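One chain, subunit A, appears in both complexes that follow, with subunit B as partner in the first and subunit C in the second.
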Partner chain A sequence: MTDTLLAVEDLQVEFKTSEGTATVVDGVSFSVNKGETLGIVGESGCGKSVTSLSIMRLLPTPPGNIAGGRIVFQGQNLLDLSEHEMCGIRGHDISMIFQEPMTSLNPVYTIGQQISEAIRAHKKISAREARSQTVKMLEMVGIPEPAQRVSNYPHQLSGGMRQRAMIAMALSLTPKLLIADEPTTALDVTIQAQILELMRRIKEEMDMAIILITHDLGVIAEVTKRVMVMYAGTVVEEALVDDLFLKPYHPYTEGLLASIPQLNSTQERLHVIEGMVPHALQRPRGCRFAPRCPYAEEICQRTEPALLAMGGGRSVRCWKYKNSPQGGE
Partner chain B sequence: MKWFVVKRLLISLVLVWVVATLVFFSLHMLPGDPALIALGGSEANPDPEALAAMQKKLGLDRPILKQYTDWMGNAIRGDLGRSLLNDRPVGPDLRLRLGRTLQLIIPATILAIIVGIPMGVLAATHRNSFWDPLLSSTALLGFSVPVFVLGLLFVWLFGLRLQILPASGYVAFSDDPIGFIKYLTLPAITLSFGMLATVMRMTRSCVLEQLGADYVRTARSKGLAYKIVLYKHALRNALLPISTVVALQIGLMFGGSVLVESVYNWPGINSFLITSINLRDYPVVQGVLLLISILFIGINLIADVTYGLLDPKVRLD
Partner chain C sequence: MRNLLKDRRAKVCIAFLLLVIVVSLLIDHLSPHDPQTVNGDSRFLPPGKGFLMGTDEFGRDLLGRVFTGAKLTLGISFFSMLLASVLGIALGIVAGYYRGFFEKLIMRLIDITLCFPPIVVAIFVVSFFGSSAAHLICVIGLLYVPRVARVVYSSTLTVREMQHVEASKSMGASNLRIMLINIFPNILAPAVVQFSLGMGHAVLMESGLSFLGLGPAPPAITWGRMVQQSARFMDISYFPVLWPSLLICLTILAFNILGDVLRDSMDPRLKSL
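On to the complex of A and B.
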């Protein structure tokens, strides 16, 4: 267990709203080893961003609140740290890139100023030195003419370039863990592919653990080895990507896979999972996916299943597997 | 940015000309003849020959268009003419009176900014403590109490009851610096109140809005301390809309200074204007209004340029 970098244990996150307290992340556990990549997928609103912001301790509090669990990073529970100690970890040991490259950079400072600022927050070096490191970072993430681009403002860059600048900023102190929250969702397809290619290169060149969050299983397949599927605030399945694509266990995963467009298939319509994610305040009593599940049985409506270890690093939260703990039907 | 400034400058010049022209003609449309007033008014019933002679002396017998071009021509050369009342040149008096009004407006503006912005930030960052409601309701009071009520209250409380500051009047700074500050304190505070309240409310809402922005989350994810994120990132962006509001408020302050000058007997440009209007002293009134409009338009120009300097999107255009 010595190479576990991050272990999230039974994380509970609540949001206070005018209609009541919603538990939007409910008992999520997972771990990431040093240098490993983990994908997290799930529909919009299932709690992916809330989970990652909790790791950074950047939830908007209030209304958000971490109600329980532990987030152990390098043997230390981040939830016990002071805000000051957290500042030493953010950007230095754990970095994050966000979905919106348009708004995630400060419009009144150049990208160079913003990246240098990150470096100088953690390293006692001169402004000039920070600038030359910034240029190197920009070059590494594939921004052409980095020496000129360093003094550009965000509005002078395209969306793809901005996201590269964000990545350069996140990597500038070679963190041990990079959390990428839908880094390609807001970009068009060709740029998306370039950014994913960049992420893959980073993974290889810098020995860094990555958590890649997306609602697109196709993106996961490109970059990560292991994947965790979330539904309505809980983990419903965890597996190696190859195994998952070969044979999804959870009916929800099955639906997600069926809804990836296949270029070589003759299928005319894309599969869609019927229905909507239940609202955090009106969750069904039994399995959260039961109302939308084609296999739902009587027990599914009554009691929520536990996450069941299936061997080979796989686990699934579904009543189908109650009597076959070794996997398969 | 260069073109931006040049364009704004040209527009400002045109605006000043339009305002000056409007002022000139609307003034001459006012009932009341300065020559008649100079001779003691209609009650004195001066004989028509004396009236005609007076009109000729004051240059009022020329056709109105001629009067306009003469005045405009001289004004462009910096000569605003002489007072119809006492034949003193308008320019120096104007400078003196304007100076005194600015001695009121500039400290009031500085006070409003250096107190209003920190109060707004405090209210924004302490939304869940007693600070925010306390500061916000004080600001509401600042909005809703009229300047002259506040002025009279201050005169009564500090000038008459507590007698710690003079109730009204003016001494020049060059004559008595300490006395000047004593006389300045109450009127400047009175004048700054409305702007202070506005700047505070604006700062509060802008900072709150900016604190929820994505780039603030990015800044925090870099490991920056909250204070740095607040001031260097959120407040810096909030300054854009705040600067616009400040400029608008300086304009409003000229209006407020009319009342403040009269409550505190401050011999500024407003009292000068009011006496001159009553006497139909055309050159003085025209001069004052021309100056005020240049100031007004100039302040807006400065505000635009400041905004441009603060916002890279405009600056680099």
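On to the complex of A and C.
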């Protein structure tokens, strides 16, 4: 009924290590509609970035390996495409921005050269046209004096400017899907807000879908509508942002929300989820969160819960809700 | 690069090397004497009027011979380093970028190449294929490939992990494009340093091989050959040995210092943005 742009179905990603095969992403499924923003949250090592790299087929193989599942983009399974066909999709239909604006640009070329280079890799246009398009893109992402800035080298730009240039490059071919992997983590808070505002504006202007990956729930609240929480390679909860903040279902989400500093609270220490994400090679037998879960029961130690649909577009992976399969509010 | 000209050591070295190169290229016009003309009346002359550097055992003009020899010695060194750089950069980038099978194959081949003592390889090649400038270029060039390849390989390993490589991939760049646009310009600096240091080695190796008679055969003039031919008459006049030896020495020194300065100027810890 809705226009599904990207559907990831039961994605399994393994990494071969000397100690054995680690399943880093285990049965992740989600979909992104046209023009929608999906947030993916989770702490370090939960498989967020691996999921996004798998969509782009940029996973270093070996040691990485997509062991199963489908990634359907506009009705086409990306996992079936040849490397050459994939090159045509990257940048043109799906593009990506990265965490480190300091190193995401090639230091030996001006930003103008790099952006027009990227445009000309996909479109047959003259160097001059590409350049004027580049200036337009730089203007759109809010770089002052774009006509001068095109001939700057990355080291002459500040971090925020570089991230803007990076976004300009990623958007230069008007992709249908933008994957932003922690785009604001390396920036300071004021710049962070500007970049998020920019992404929101551009999404509207270009009618583009965004997958925003972050460990910062504040960022998610600001930009996305729907959010997916990942833990140890699996999706543990999926909900609309407002619902999630109002009433988290999964104990892990609860813990995450409780660890956000509150301005109006008098507590001195932040809430901490005890323990660590289990190592991919030593995952517990039952629920992956059980060892750290304050509500863990006997069944949690034994068997892993399934992802339960809770109604209202929500789902959660927890035994707490097994008796209320349709029980969402 | 601009900083290079501010460095006093670099300035002296560049000036010296340019002087040698320019004089050797123009020597036919600058010198009144033909470097090959034998003259029985003017044997073993010390430096003085007429012959600025003196004459050798056949009365030939040493100035002319030293700078004519520079052409061949420097030419062989340059082209062998060019060969080494082209092959070394290509192999190093491929090994470092693709990793896996290519990496193992190329790096092990390089290890094997490093096992051969250069002189033995040179004797082998010359005795099979005859001695000529081209053979010498191939021998010196191929023997230097491993050094360049290793340096380029290790730099490539660093550069390939940089995010701009991944960013380019995410924009749909092919492997070849990434190697040419993202990797090559970023590993060029250490390769240039290797080129300069390598030139010093190549001059030494060329002179050594020529001294052993493995270089281009006479009447071709190289510095090593000059030293070898005149060494027998050192008790009569040491100038025929002194000039080429001095030039070998100074040229190597200049290339090495230049390489060191280049390396320092490219050291990111010393570099100011």
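To be clear about the criterion, the second predicted complex is superposed on the first by the 325 of 329 C-alpha atoms of A that agree within 3 Å, B and C clash if a C-alpha of one lies under 4 Å from a C-alpha of the other, contacts with A are read in each partner's own complex, and residues count from 1 in each chain.
Everything below uses one rule, namely that contacts are C-beta pairs under 8 Å (C-beta built on N, C-alpha and C of every residue); 3 or more make two chains touch, one makes a residue touch a chain.
These numbers come from a predicted model, not from an experiment.
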| query | Given the superposition on subunit A, are subunit B and subunit C in a clash or a fit? | reply | clash
| said: After the superposition on A, what does A:Val108 contact: first (subunit B), second (subunit C), both or neither? | reply: both
| Regarding the shared-chain residue A:Arg131, is it in contact with subunit B (first), subunit C (second), both, or neither? | neither
| query | Taking the superposition as given, does A:Arg317 touch the first partner, subunit B, the second, subunit C, both, or neither? | reply | neither
| said: On the A-aligned overlay, A:Met96 touches which partner chain: subunit B = first, subunit C = second, or both, or neither? | reply: both
| query | In the superposed arrangement, which partner chain does A:Lys176 touch: subunit B (first), subunit C (second), both, or neither? | reply | neither
| query | Now that the structures are stacked on chain A, which of 43-51, 61-69 or 259-267 shows subunit B clashing with subunit C? | reply | 259-267
| Do subunit B and subunit C touch any of the same residues on subunit A, and if so, which? | 56, 58, 62, 84, 87-92, 95-96, 98, 100, 103-108, 117-118, 121-122, 155, 166, 169-170
| Residue ranges of subunit A in contact with subunit C within the complex | 56, 58, 62, 84, 87-92, 95-96, 98-100, 103-109, 117-118, 121-122, 155, 166, 169-170
| remark: Note: in the complex, subunit B contacts subunit A through residues 128, 212-215, 217-226, 233, 236-237, 310-313, 316
| query | Inside the complex, what are the residues of subunit A that reach subunit B? | reply | 56, 58, 60, 62, 83-84, 87-92, 95-96, 98, 100, 103-108, 117-118, 121-122, 153, 155-156, 166, 169-170
| query | subunit A touches which residues of subunit C in the complex? | reply | 100, 162-164, 166-174, 177, 181-182, 185-186, 273
